[in-house]
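Read from first to last, the chains carry the letters A, B, C and D; within each, the first residue is number 1.
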Amino acid sequence: MVTTQITLVQIDNYGPWTVTPEPRREVDLQTLQSRLYADLSQQVGREGGYVFFTRFDNMIAVTNGLSRADHELIQESVANRYPVTVSMGIGTDPSPRVALADATRVLQTAGSAQDRDRREILGGDLLPEDDRTDGDVRIAHFDVIDATGTYTDRVDAFETFIAIEQGYAALMRHMHAEHDSLSFFVGGDNIIATCPDLSAADYEDAIAHVSNEVGVELQVGVGRGRTAHDAGMAAKHALEDCRHNGTRVERALPAD
Amino acid sequence: MVTTQITLVQIDNYGPWTVTPEPRREVDLQTLQSRLYADLSQQVGREGGYVFFTRFDNMIAVTNGLSRADHELIQESVANRYPVTVSMGIGTDPSPRVALADATRVLQTAGSAQDRDRREILGGDLLPEDDRTDGDVRIAHFDVIDATGTYTDRVDAFETFIAIEQGYAALMRHMHAEHDSLSFFVGGDNIIATCPDLSAADYEDAIAHVSNEVGVELQVGVGRGRTAHDAGMAAKHALEDCRHNGTRVERALPAD
Amino acid sequence: MVTTQITLVQIDNYGPWTVTPEPRREVDLQTLQSRLYADLSQQVGREGGYVFFTRFDNMIAVTNGLSRADHELIQESVANRYPVTVSMGIGTDPSPRVALADATRVLQTAGSAQDRDRREILGGDLLPEDDRTDGDVRIAHFDVIDATGTYTDRVDAFETFIAIEQGYAALMRHMHAEHDSLSFFVGGDNIIATCPDLSAADYEDAIAHVSNEVGVELQVGVGRGRTAHDAGMAAKHALEDCRHNGTRVERALPAD
Amino acid sequence: MVTTQITLVQIDNYGPWTVTPEPRREVDLQTLQSRLYADLSQQVGREGGYVFFTRFDNMIAVTNGLSRADHELIQESVANRYPVTVSMGIGTDPSPRVALADATRVLQTAGSAQDRDRREILGGDLLPEDDRTDGDVRIAHFDVIDATGTYTDRVDAFETFIAIEQGYAALMRHMHAEHDSLSFFVGGDNIIATCPDLSAADYEDAIAHVSNEVGVELQVGVGRGRTAHDAGMAAKHALEDCRHNGTRVERALPAD
């Protein structure tokens, strides 16, 4: 049974900060955001979690395996090294969609994202250590079939980008609306989704939906694990199987 | 008159590298990609350029002000500090869309993005230093009107993300197809576009298109300058004017 | 009883790499080295360990709390993100000096630091998890009494540096030769030492030695703990006590 | 004729910040310091300058080629991305020692390094662009002859470190007192010095002094250039000549 622990990481009062006392240099903002994301990736990753950059000022993480103390340590470390602080809301549920909604509510209840006095909030419900199992997390790793041959080497870089971006937009909406899943573009032609228990048919359906809606052909590997990393590595190997076997969906879900 | 110099930065043979000899840890790939992007932002930014993360393995930059030697130095610096190398194609044109198409062709002609032997390509046409003017670059900085009040503080973080992502998807396609512009999501609710000479009506039209297509309400500040940074800072200030004046389009284009 | 686990981190074949095919840009080498150190600090720090930059191509870490798998993960992560790899030798002993000698031998036995084929070695003896206690690590945190008033604000920046450097050189040799301790300059006027069980008189003696030899006046806070972080935080608080009480040695070693 | 422009970079009020409201985690301080140094290396390096980490909270840079605007941009960029700010004093003189003394005085006159209200100072005398020549900077790059064979592969890592550290301590004092030069350990067994016009005999003398005082055998390559980078690359190549020729001093100073 899937039980996903989701953490919403929000930079406190970030919008106002970026234009106070006047607009800050864009390259510095880009550097700050992407390095903060890189650091969170490493820190959350140490315990097996995944962070997705999402909007950069609001990042979504799969944090099965991270305790409250782990979250506090990351907040402290950010405050020690950046000119900004972060709040974190945590939610836990069989449905990643519901878990994130719960996590969001923790922050919204504490105040606005642009409240100067709402800083370093940490709250919400964690998955108790004793309840954790090897099947808690499902990760689906999608990519575009032969993206290099179909796009990158053939059309211009923005047309390629539009195609991949459209594939992503169609998939993210469908997986959210129909399958309670949160899907994230992670670079190249790769999309990683955190999902509840879904059948092979559900994935076939999602791939067909994207193909029909925007004409982008996806394949997907699915894995399960105790942490996002465990599930994600299984998914990557399953995706390799798609490449080698010419299949569209491969699931590495032994003894479910 | 606008003359945009665009550089396409492509990590050499990146896809195969990420799965050789077997799939690499996702958190390390995310860290590598986002730090490389942060470094390029700083390096290109030193000369007034902007880099957009785009697909991370293919990044698009506005590089007015960067010479061929500046590009070479960045390639050397990347090779000295990362396990990967980058190729760069450069294009220069009144239309950013055409400039990028030219830049893409430089790399495609040299070989595939997944060619093991195509490494550290550098080619294409730069804007000669003597031809540069204070009006070479147009930057439009869009954001969502009251995104925090409308979305972030009200609906869950993924619904907010979907809304912003849809607004971006609609805008990027429209600006590319109708206005030869390249638009990039840069975090939060912000989209930055590099544009040719466009009228205020063109921007009104783009905003109306997004509103009609996906119901997301945008505003935009437009600036011009010798470099992306110069134009971008003017655009940011113009966007502040939108916020203060309640207007949808503000252009800081004196003495055009 | 102190039992220190020391890890020697050595960049593989680094010297030859820096000049192949010709000397690389110094600023890139400096950036590579200091970022690698920063990353290792965070990674080792997640489990409570301390890394010291030492010679940068050879870094020494106090790694109580890090398992063999933790070490492997760090090696993999470095290989995924840097153009170089690292080998690690581990030693465990009541004497930090002996632990490091053992750790060094692991690498020397496996081959030369400039052997092209000796890569990513990992070996040596770890402290078994079951044998760990809250008194395993002793950290002494030294600084120069009123360094700002005596030096930084009064003499030129290089004279200040020479004074602090001389104080460090005298202390590191004395603590190694007389007290089996490894002392590291960590920036500003701060020196952190990993020590065996030493008496207050031993620290008084070390401070007097430095005062007599080079005229630099030190104070020291000493802490103990299960990890370097635990011991180090206790030492920092003890050093604050020195500042407030005007004492030269403060030890936070309750219930030893 | 040598004319060195030296910049002293000082983190504002850093000591108090590290212990307010209570001592911050050492690994975060180490990460902050080393990343700030890495960033400054890249930023100063873009214009051909060198930064040395020195005490980390006080860094010394050779900044020939950097304008006042370049300095301001770096200050702004640091403030945008770090929880601390930096002040910079600049001095210009044929003697690096005098240039640094002048640079130090700029900051000392403006207030204490631990003054809460002294922030982002920028002052001092720059070398006018029109006065710059290809011989302005002299860089001497020292290393230990066969450090790997003599030390790294033979004795334990701390004994090696002590030897190299002693060699550095002896050299830095001698070069400062006798030859108005500023010498910095840059990792491995490498020391880089910024020097006035010195003869080959002066370098022979320095090497002999270190050999006599602490028994560490050095060799040195010397280069000149318009910037630290130009001079430093020439010095690196000259040092390669020492290695190949078995000589102790090589100078790449054509047509002085």
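General remarks:
One rule holds for everything that comes next: contacts are C-beta pairs under 8 Å (C-beta built on N, C-alpha and C of every residue); 3 or more make two chains touch, one makes a residue touch a chain.
Protein identities per chain, from UniProt: A, B, C, D = GTP cyclohydrolase III.
Please read these numbers as outputs of a predicted model, since none were measured by experiment.
Matching the C-alpha atoms of chain C (GTP cyclohydrolase III) with those of chain D (GTP cyclohydrolase III) calls for a turn of 180 degrees, to the nearest 5. Note: the chain lying farthest from chain B (GTP cyclohydrolase III) is C, by mean C-alpha position. If you average the Cα atoms of chain C (GTP cyclohydrolase III) and of chain D (GTP cyclohydrolase III), the two centres end up 23 Å apart.
Between chain A (GTP cyclohydrolase III) and chain C (GTP cyclohydrolase III), the centres computed from C-alpha atoms are 37 Å apart.
Centre to centre, using the average C-alpha position, chain B (GTP cyclohydrolase III) and chain C (GTP cyclohydrolase III) are separated by 43 Å. Of all residues in chain A (GTP cyclohydrolase III), those that touch two or more other chains are 25, 28-29, 31, 35, 42, 77. Those residues of chain B (GTP cyclohydrolase III) that touch chain C (GTP cyclohydrolase III) in the shared complex are 24-25, 28-29, 31-32, 35, 76-77, 79-83.
By the touch criterion stated above, chain C (GTP cyclohydrolase III) contacts chain A (GTP cyclohydrolase III) in their complex at residues 39, 42-43, 46, 73, 77. Across the complex, chain B (GTP cyclohydrolase III) is touched by residues 8, 14-15, 18-19, 22-23, 25-31, 33-35, 37-38, 41-42, 44-45, 50-51, 53-58, 60, 97, 100-101, 103-105, 108, 112-114, 148, 152-158, 160-162, 164-166, 169, 172-173, 176, 182, 186-189, 192, 229, 232-233, 236-237, 239-240 of chain A (GTP cyclohydrolase III).
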